[in-house]
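There are structures below to look over.
Across the two complexes that follow, subunit A remains constant while its partner is subunit B and subsequently subunit C.
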Partner chain A sequence: MLEKTKDIAKQILEEKKAGGIFGLMRNRWNVVQPHMFEDPAELDALVLEPKWLLAKLAMSILRSSPENYKLAVVCRGCDERALIELIKRNQIEKERILTIGIACSQEQAAICLCDRPYPAKLDAGKKVSGVDPFQDERVREFLIGNDKKRMEKWATVLKRCIKCYGCRNSCPICVCEPCKLEDDIWVQRGAVPAEMITFHLIRAFHLSDTCVACGACQEACPVNIPLLYLQLSMRETLKEKYGYEAGLNPEVKSPILSVVFEEPDTDREYPAWINSLREKDGY
Partner chain B sequence: MGTKFTKTICPYCGTGCGLIIKVEDGVAVATYPDSEHPVSRGSLCIKGWSAHEFIHHPDRLTSPLLRKGDAFQEIPWDEAIPMAAGKLRETAAKYGGDAVCGLSSAKCTNEENYLFQKLMRMAFKTNNVDHCARLCHAPTTVAMAQTLGSGAMTNSISDLAGADCILVIGSNTAESHPVIMGEIYKAIDGGATLIVVDPRKTAVVQNAKIHLPINPGTDIPLLCGMMKHIIDEGLYDKDFVKARMEGFEELNEFISAWTVEKASGECGINPELIKLVAETYAKAKESAIVYCMGITQHACGTANVLAICDLAMLCGHVGKEYSGIYPLRGQNNVQGACDMGALPNVYPGYQSVSDPAIRDKFQKAWGVELSDKPGLTVTEIIGSAGKDTRTVYIMAENPALSDPDVNHVLESLKALDFLIVHDIFLTETAKFAHLVFPGTCFAEKSGTFTNTERRFQLLRKAVDPPGNAKEDFTILCLLGSALGLDFSYNHPGEVMEEIASLTPAYGGIRFDRLERGGLQWPCPDSDHPGTQYLHKDRFTRGRGLFVIPEHTPPKELPDDDYPYYLSTGRMFAHYHTGTMTRRSPFLNREAEKAYAEINPEDAIHLDVKDGEKIKITTRRGSIITTARITKRVSKGCIFAPFHFTEARANMLTNPVLDPLSKIPEFKVCAANVKKESQDD
Partner chain C sequence: MNEPRILVFACRWCGLIGADAAGKKRISLPARFRVIPVECAALVETDAILRALAGGIDGVAILGCHIGGCRYNNANQTAIKRMELLKDLLDTTGIGSNRLLFSFGTAHEDYQFEEIIKNFFDELAVLSPLDPWLAPFGVIS
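This part shows the complex of A and B:
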């Protein structure tokens, strides 16, 4: 899988299909970190492990690079879905991004509770089957069964929040400017823990139809709050009721967005990215 | 495309989390967590996420500055260095080498700290070198060296996740060491009991099973009461005490007077609760004690740490995985600054300046005669300024905000013949300097930091220093050379090789070995994998020693004139004197102005509403700040963070010292509070 990825990457650079390959590099001391490969000779150092989410970094690279710069990203299923969501929301231009899709291992899928551990455009590696997160015992404790007990569990873990904003900062799809968490209505400045309802639920609901379940929020949480679980039920509902899954098809809009746009205009303010869709798509 | 990612280490607390700095065309634009880092494993606190924000701040110093009257004038390096060397030499010639003092820095690298103390010791034959560890963990170094033989955290941060009982005393881990708090939560999720001793209802308390809100400064009564109960009930580890300890008889005799009832009377905790906590700690298979400034910043700070060591050793909770004693170090490299001998009584590796054989080793290595007389501490340097102390070189420390009784500190700084301050911003202290060196921040240099679990970690340069600022390593080499020393190092790695050659515990530390994950000392040779926990089978000093912790109440208690307890500390978004965090927009928005916490009942009594101005007065001075009304503090207690220059909490604090470690009593003094008229 690694060799094939390197071959594809090399070809992209040699054929100048993209200015750089964004992936992971391992140096001679076995240290791994994200890296922009712009010289094919460097690609020997390309690696695929550990799981390291690159979509958000890729977006920031595109934003700070010249308009004609194209980037190829070595991405897992979740990274690909995040990039598709960013394209759907006019955060990155489809024409400027290429993906080299790689499959995750069965072990990785189990760790991530991932129901789709491969990208739609799979270039290297072999698909393994997904995991149903709702079969996981810990997920069930938090999401299924006695309300009172579940509430206690959530209160216990959310009370631990140290307000690092890591969940927001690491989320590939968290792009609103200004961020609701900083508008001085919902979240009190200078206090920890962050408010359970306003901080965490606003953040979770903002991502309800766009979360690709990559787990970046949870992985970034220093106090191990199972933030991914907050999204699972909403993802499941959209799938069940509307047959919709974030990040799968660039052409299919979120059911929530269609509702927003079909409503009569109520002078409400929407985040800039929603307004950008209005302009672009003529809503 | 000029985008690159540089792995490095966070410049804030002693946890030592891994950062990845994103650099675009030479500018650090964002910080991300390092998924591979052995401690932080892909997470960061709010300060870590914001670590790039102050790097390119317009306030950065970009040229050496010379005082001209009330103003500063930019001068070139080739004037600044000879001038500094000249002034230092002049003082030494006129008053003797001991009239020169240096404050090294817990913000700087190991190599810089090593060079700093070497420069002071070689050039002026003085041991007058100290740093801000004096104000945080000096009692730990003294007490743990006495009881265990090594003044460092016994275990690794990740060990906490495997503990069955965690006793947190005087540490607001959730705000001050957030990433370490994550390990504590892992332990709780695995069934561990969290017990917190703190007069304040901190974020840690809110997640604890048991909270002991003791009266300020009564840690020893509580710990002695616990030990008495543990001994009476036969819950102590008799085999461990017999096989590995000395001094049990003496301790037992001393403890026998501390009945649980007597302890309860002093600390204000119900005797049954003291017993429960004692039993929980003693009976758990793996018990850990985490402590911080709430223990050390007292006039009995050393005795407080002794009591903690005694309790842990009594129950056999040292020298194995998942248990141990965890003094959480406050600064990114305060462990390293101590390790490198930026202390007045020891060379690198805690080798005593008074030991003739050790002094001989350093004299031979450095090729000069060295002083056998221990030097002055931070607090003594400030105290003797203008008298015995004439010229001071301060590298990246800010005593004008961080030291107790700031009014006195400012007078002392003014009384000096010559003051050299080396920093990245024109700090409150630098404003008093005659000569200012513009230094470099963490992202602009290479070297090593040592975190609170004794882990040497590699700092990697991400961007260039601003303007004419120079790497601190270079400045020290230039100054050393100007003073006639052979400081011809080409790279910090060469300094590390010299450190390794002189210090057995760091003998195996080399830069290339630190690339992946760092190394925890002791690491005596090049094949040694580093040490996860200390005192296995044998204490560093041989047998562990029980030392009697004599209780002395706080030196200044509330009375009719000053009826409140005042305590100082940190809040989650700011760091120490705020030089970096208050210039970081995302951190500063969390707390833009000074405040003090006050209990709702007191607020009613004082007729103060949340957000209104109050005046806090102690025998040293007064500040006007904003009231934050909260039940986090109990009735009769005030808490003031010390980050704010416009209302310096250290104007108020009591400079009385712990006799052994010379730490001031930051955590308790008596204060009065009044509502400030709202007109102005």
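This part shows the complex of A and C:
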């Protein structure tokens, strides 16, 4: 898989399809770091492990480089979906980005609870089947039980928050400027632990239809809050009701931007109606 | 136990007039709710709902126009979808989706307004308060 990725990368550089390959490099101190490969001779140092999300870095590279500069990114499934979401939100120009898709291993999929551990455009590696996150014991612990139990469970983990904003900064799709989480109206500044309802739920809801379930937020969290589990049920709803998954198709817009009648026919339940022709009403 | 408190966001074309009419007809209503007029139900940000819950409000109701009766390009329909997603999030965290009410009515539906608010109060009264989630600051007194 590694050799094939290197071959493709070399080809791209030699044919000048892109100005640089953005991937992971093992440097001379044997430490893995993101690196921009602009010379084919450098490519020997390219590595694929560990999982490292490059979408946000790729975006900042593209923003600071000249307009005709093209970038090829070595990306996993989640990374590719994040790039597509960024394209949909007009953060990256579609023409300026190339992807070299690599598949994740079964172990990695189990760690990330990934239901789609491969990119749509797969270049190297073998597809492995995804994991259903709702069958996992770690997730069930948080999603099963009555409301009171769940509330206590979440309160105990969210109380650990030190408000480092790591979840927001590491998220490949959190790009808003200015951010509501820094505004006193919504979230009180300087208060630790963060206000639980506002800080965590506003952040989670803003990503409701864009979350690609990469798990960067919980990997970045220094106090191990399982932030990805907050998103799972919303992702599942979007999938079930509208057949929408974030980051799959750059042409399909998020369903929460369209009205009900434009949807493909699904057996959806409408919220409680008020019958305006009731006898009790004097009209 | 304290009586629950409700915040109502009412669209000014329908929900608000209905609420107003309920007052004009002297229908007896529970006291602990406040109505905030908004231009359209779709203008109620989900963040504002979360902010209200964090401020010690027990339930939030959003009243819009009937499906098909929206003045603003069927905006209430996009709002439904957003609220449904928010309900999922509230259920996940155990706050409970029944703290959020999304309903539609027209301007003359004052009796329905009364019924909605009374039912909502009854529903909220049996829920446990949000205490474990409220930080010691920022609570609206």
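We take it that the second predicted complex is superposed on the first by the 256 of 283 C-alpha atoms of A that agree within 3 Å, B and C clash if a C-alpha of one lies under 4 Å from a C-alpha of the other, contacts with A are read in each partner's own complex, and residues count from 1 in each chain.
In this text, contacts are C-beta pairs under 8 Å (C-beta built on N, C-alpha and C of every residue); 3 or more make two chains touch, one makes a residue touch a chain.
Everything numeric here is computed off the predicted structure, so don't read it as measured data.
Engineer: Once chain A of both complexes is superposed, is A:182 in touch with subunit B (first), subunit C (second), both, or neither?
Structural biologist: first
Engineer: Considering only the touch criterion stated at the top, classify A:193 as touching first (subunit B), second (subunit C), both, or neither.
Structural biologist: both
Engineer: Contact-wise, after the overlay, does A:69 reach subunit B, subunit C, both or neither (first, second, both, neither)?
Structural biologist: It touches subunit B, and subunit C stays clear.
Engineer: Quick check for you: in the superposed arrangement, does A:32 touch first (subunit B), second (subunit C), both or neither?
Structural biologist: first
Engineer: So, does A:19 touch the first partner subunit B, the second partner subunit C, both, or neither?
Structural biologist: Once the two structures are laid over each other on A, A:19 reaches subunit B alone.
Engineer: Once chain A of both complexes is superposed, is A:222 in touch with subunit B (first), subunit C (second), both, or neither?
Structural biologist: A:222: touches subunit B, not subunit C.
Engineer: Subunit B or subunit C: which reaches more residues on subunit A?
Structural biologist: In the superposed model, C touches more residues of subunit A.
Engineer: If I apply the document's touch criterion, which positions on subunit A are contacted by subunit B in one structure and by subunit C in the other?
Structural biologist: 193
Engineer: Under the definition above, what is the set of subunit A residues touching subunit C in their complex?
Structural biologist: Residues 142-143, 146-155, 180, 185-186, 188, 191, 193, 195-198, 201-202, 204-205, 208-209, 229-230, 232-234, 237-238, 241, 255-261, 270-276, 278, 280-281, 283 of subunit A touch subunit C in their complex.
Engineer: For a test of understanding, state which residues of subunit B touch subunit A in their complex under the given definition.
Structural biologist: Touch list, subunit B to subunit A: 1, 3-5, 7, 20, 22, 24, 29-30, 32-36, 40, 42-46, 48-49, 174-175, 178-179, 181-182, 185-186, 189, 203, 206-207, 512, 515-516, 571-573, 586, 589-591, 595, 628.
Engineer: Write out the stretch or stretches of subunit C touching subunit A in their complex.
Structural biologist: By the definition above, subunit C touches subunit A via 46-47, 50-51, 53-54, 66-67, 74, 77-78, 80-86, 88-96, 101-106, 108-109, 111-112, 116, 127-128, 130, 132-135, 137-138.
Engineer: What part of subunit A is in contact with subunit B in the complex they form?
Structural biologist: Residue positions touching the partner: 19-20, 27, 29-36, 38, 50-52, 57, 60-61, 64-65, 69, 159-160, 162-166, 169-170, 182, 189-190, 192-193, 219-224.
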